[in-house]
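Two complexes are shown next, each including chain A; its partner changes from chain B in the first to chain C in the second.
Showing the complex of A and B:
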């Protein structure tokens, strides 16, 4: 593989066996002073990757090249100077006609031309419910609260609603009620349409919740405006971020989170690499490897440190059918290349996961996919002082919650991957359960609402999570779910400094 | 800035360029909890606010101390939990209401 590709190469996928990518109109923008093209609807980072730009910045101290990594606004690898503003997360910044994008080299300077900014005055938002996060859990939650007449504000960091559903191209299992038969992105689009069209829901895109404050105020920050909200209930559905690994060269452009690669490939129709090494044989590693294959890449191998494959048999069988070797008891020793990945060295491990000297093997590749799980994004709960517990099965520290998904901060609810790593179906179920719990609390118990919530809870715990395939996730969630009485006891010992709504 | 082919550091904190050697050295110097490692190395205090590095750091620290990752005390989380432009605070007119 050549180590750098020509700028103005095209990594967009123009023919795909099952997907057709909808692209917006062509726009022109500037990269390092040079006019380049993109399609409306793409993020700046995606548009640059598509034309062969691997390096977005050089790091602050070691001046290391950095490129696409998480692609969903969680890490800092895609920071660039956009129209003079440094540290812009280009993976969640839409490309626009004429926008000027430059690489950052080292620590960015504070822009001095502050005169022309369009910062608006802070606004107080009046609402019953605040939903944080516009993925499957947040959208389902907002639809549930709005359905029963509660005024709902939903904030979303990205410029599009739908969260990680937008990169899920597989068909969902289950009944029609659970969107069975639809592909993930179709579900995302449908939920987004319903939310956008609901008169009780106000949608704030490219807006983040930056903190929870005394008196039950929540601070929100949009692109050019601050908001403060004092909702009667908050539902946090902030999702998760991808886990990383430590090996030499782990920050080289071309080392990418499996989810990041999926965003490029499935959401934007851009091939993340030609020759791929996948690390981790869980479902995500297996599915993304298969999708890469479909999109035209060559997957050289999947390495797995454990003695057995982590994901479901059905997915493993699929990649094996296409001749992709799954190397168990193997790990990544190092990644090499000049300014981007050119290859990787793998090594066999013994029973104690120690590398066995002499078993190293070099694999030429331009993409190393890291598919080693996710960590729930629970920082707002930690900041608000919710009682948390570290649960390995849930993926990290998560707040204790009742069956109805209220945490130890009264009036604060949790749903989706933030509550412990599962997948989109459970996120939608939890979102609706949290939403209905808020309805019950704010509008009083209605038979219809309670009935629906009980039906969802029963399905979630007794049917969906009853499968042995869900055993680990279920155990994780069980260990942090407490009764209402236990929660009252927890609050006695850990008095919350903030609460939402009337108690 | 032309990099070398095979000589790369192992980065734990991408935001602040903290390597695994930096962390191991600091642990050996006696910085054996997440709070003091953050203060010593600025690890986890960059714009991603520890979303990539803190889970890695917890595992590394646990291994070095012979503990379980679940036994490591988590660092304090303070607002803003996401980086936002300072300009917003400087230039927007305060609307009153309760003090933050």
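Showing the complex of A and C:
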């Protein structure tokens, strides 16, 4: 049965086999003039989804209903007017008492009414190190630089630290050093606590690093305030965004990124849908399907265009055990529904990935999960003029870097998903390595630091990535890792317009 | 390879010349560009179009160009491929008494050359630009014939029409140098081989000077970096391009048909700075300048900020037409920030030079390279978008 819902229904999950959701105090806010309830700590988008809002905006030209897709600030389908400010990404805007939220029908009017007076003057921040991104990579990097006395500023676009760890409910493998035995979100909380408590680290939440400028300046934009920073080194750990697919109906509310669904379900305890079709059988597609099952949804099928399943055997076996069919050589043809997904048509493909007419099958569902991979967020590197290369195994265009994670812009470092898609453990390892490289550069080579860095590098390359399961990611990263000498040569041919620190 | 006419530069100038020549039945035209079409100044410009200049040459050329923009935007010409000319006007705001006096003089000049500008009151300014805070304005100069067009639509339309008329376009093919002998240019050397041609046209924007140096012709051009940004989109708020005449750097703002605001101003710069070398002080400078008139601007987000070159000649007028040293090469460059609006008339002028021996607009003949040797520079002091 297609699922229709009334506003003010409750999609929050109140009982779950393995998770309990800590919810903040109740707050009241206004959605299109109506008073509604939420829990502190939720994003506006999550709070609205929880009470049955599917449509977050209407498209600019054709006024088509649009739902939220990524839930982490990367896709702009959740733009709403918040306290008079149009085009606010409600998925990374915290809900708060009395906030007024309205949907936009097409383009918004210019915000002529008030508000301008509370924009503060630009402030110059003094710091040794700037870390961009507060996910596992950025947090680990900041802890490493701060440990050796470097003044560190960490900026995060989201209102919470932790990045994608916050949606990861599985227990991590490995030693205690690598947080083995803890669940992802617990690791995120632990790292955040350490960072918040470190006197050498200044944390700026809801602040985006918007550009790298002549003279080594970095621009930061907070809610009502601009900063400019001239750090001696900058570490960019900006993560990744989810890929999208083109098919009729792909903008219908209910077509959601698998990561977006994870955010709702695992971070906020909100059920993203009742009847689900998952597109893509990589690890993310498999894991999220399983998690949806745990949370009480019915997963109707997982479709995969390739002849074989993309993800690891363990994960595939688990969803199969629960009777979810994984249909290889199948793709999504279209999604239908009026104001929300009511069903999807899937179709078999031939060896050249062309749909085979006559093999279409309709599946009724209210959620279509798109789990077709991630693309590294390397925009700051591209803008700064770093030399990049398109690497399919890394998920897209990524900068060349040394083993110590410095890119062709001197003093600019990379870590985590931005450097090529992997997962949280490698993000933490890369973050610390980048941090220690900055320490070595700014505070001089210390035996202890070099030793620790070598140990991490050895573990990362020779043990962790040696697993056959990591072969593809490893090949990707290898292809963009160059020696120090090669990097000097690259810089000669591509003279950077900007650099950080003394050289 | 050998062609009839080789045009170096696939910006709006090169395309307009190719289109106009082809429309007059000329065959075997090749346009080469070092990069992609529009990758030079064209794709980076603010798309303002106006005739309210302060030299006779500019006013007359621009008036002609505006007539051509109107014609081009008709469905039977390039309108069918999406080219638009949106005659929303220009307003120049004066906040000083002496500027109002200057405006009055300019209006007399414009009117005498047939451009119907006039000085308007702050109240009229507010009517033309409703979301403005006009209290500090003393008066404004309104040019109702001015307007804007949309660069990507324009380029797309030119490309389609050119191809339809048989013009060939080669991208990602830098011309490394020209080769000449016996008073004639022989060939353009590229990585894909030499291209011979009967006639060469240099419409290579910021690359023109270097190209001409390769055959020993010095053209006095400087590439001045100009900074510009675009904001997120909103419902149409006002039509004219608005310039603050009395603020440093003459900041201006214009809303595109998609609803985004393009905002720019001049900041002090050294020539030839690399195009990627963006400056953090530009954004607050341009925003605070505009916030004086549009306080809400502080509340909207910047989407992109970039640099483009104003390819500038000593008298801020274009360099058109033949050179003394060689009989088969023509220049179309050095627009000093106004080459987008000029493009249709540029096409007409160069085409006439080639096919009729001289342009039908006499003022164009004063704009050859020779003027610098002979010291006949032209004066212009309203150099903004």
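Please note the rule applied: the second predicted complex is superposed on the first by the 496 of 503 C-alpha atoms of A that agree within 3 Å, B and C clash if a C-alpha of one lies under 4 Å from a C-alpha of the other, contacts with A are read in each partner's own complex, and residues count from 1 in each chain.
Following the convention adopted for this analysis, a residue touches a chain if its C-beta (ideal position, glycine included) is under 8 Å from a C-beta of that chain, and two chains touch if they have at least 3 such contacts.
The structure displayed is predicted, hence computed values, not measured ones.
Participant: Per the contact definition in the header, classify A:401: touching chain B only (first), chain C only (second), both, or neither.
Facilitator: Neither: A:401 stays clear of chain B and chain C.
Participant: Please work out whether A:474 is in contact with chain B alone, chain C alone, both, or neither, and reply first, second, both or neither.
Facilitator: After superposing on A, A:474 lies clear of both chain B and chain C.
Participant: Is A:86 contacted by the first partner chain B, the second partner chain C, both or neither?
Facilitator: A:86: touches chain C, not chain B.
Participant: Is A:441 touching anything from chain B or chain C once the two structures are fitted on A? First, second, both or neither.
Facilitator: neither
Participant: Given the touch rule stated above, what does A:497 touch, chain B (first), chain C (second), both, or neither?
Facilitator: second
Participant: For A:12, is the partner it touches chain B (first), chain C (second), both, or none of the two (neither)?
Facilitator: neither
Participant: See if chain A has more residues touched by chain B or by chain C, and give me that chain.
Facilitator: After superposing on chain A, more of chain A is contacted by B.
Participant: Go through the superposed model and pick first if A:252 touches only chain B, second if only chain C, both, or neither.
Facilitator: first
Participant: After superposition on the shared chain, which partner residues are touched by A:342: those of chain B (first), chain C (second), both, or neither?
Facilitator: first
Participant: In the superposed arrangement, does A:333 touch chain B (first), chain C (second), both or neither?
Facilitator: Neither partner.
Participant: Do chain B and chain C land on any of the same chain A residues, and which?
Facilitator: Shared contact residues on chain A (touching chain B in one complex, chain C in the other): 60, 85, 87, 119, 122, 210-211, 213-215, 217, 219, 226, 228, 383.
Participant: Per the contact definition, I'd like the list of chain A residues that touch chain B in the complex.
Facilitator: Residues of chain A touching chain B: 58-66, 69-70, 74-77, 79, 85, 87, 114, 117, 119-124, 157, 208-215, 217, 219, 221, 224-226, 228, 230, 241, 243-252, 334-339, 342, 375, 377, 379-380, 382-383, 388, 390-392, 396-397.
Participant: Quick one: which bits of chain C touch chain A in the complex? Just the residue numbers, please.
Facilitator: 131, 232-235, 237, 259, 274, 276-280, 283-284, 291, 295-296, 298-302, 305
Participant: State the interface residues of chain B toward chain A in the complex, per the touch definition above.
Facilitator: 1-12, 14-17, 19-20, 46-49, 51-53, 55-56, 60, 69-70, 74, 76-85, 87-89, 91-95, 97-98, 100
Participant: Over in the complex, which chain A residues touch chain C? Could you list them?
Facilitator: 60, 85-87, 106-112, 115-116, 119, 122, 210-211, 213-215, 217, 219, 226, 228, 383, 385, 497-498
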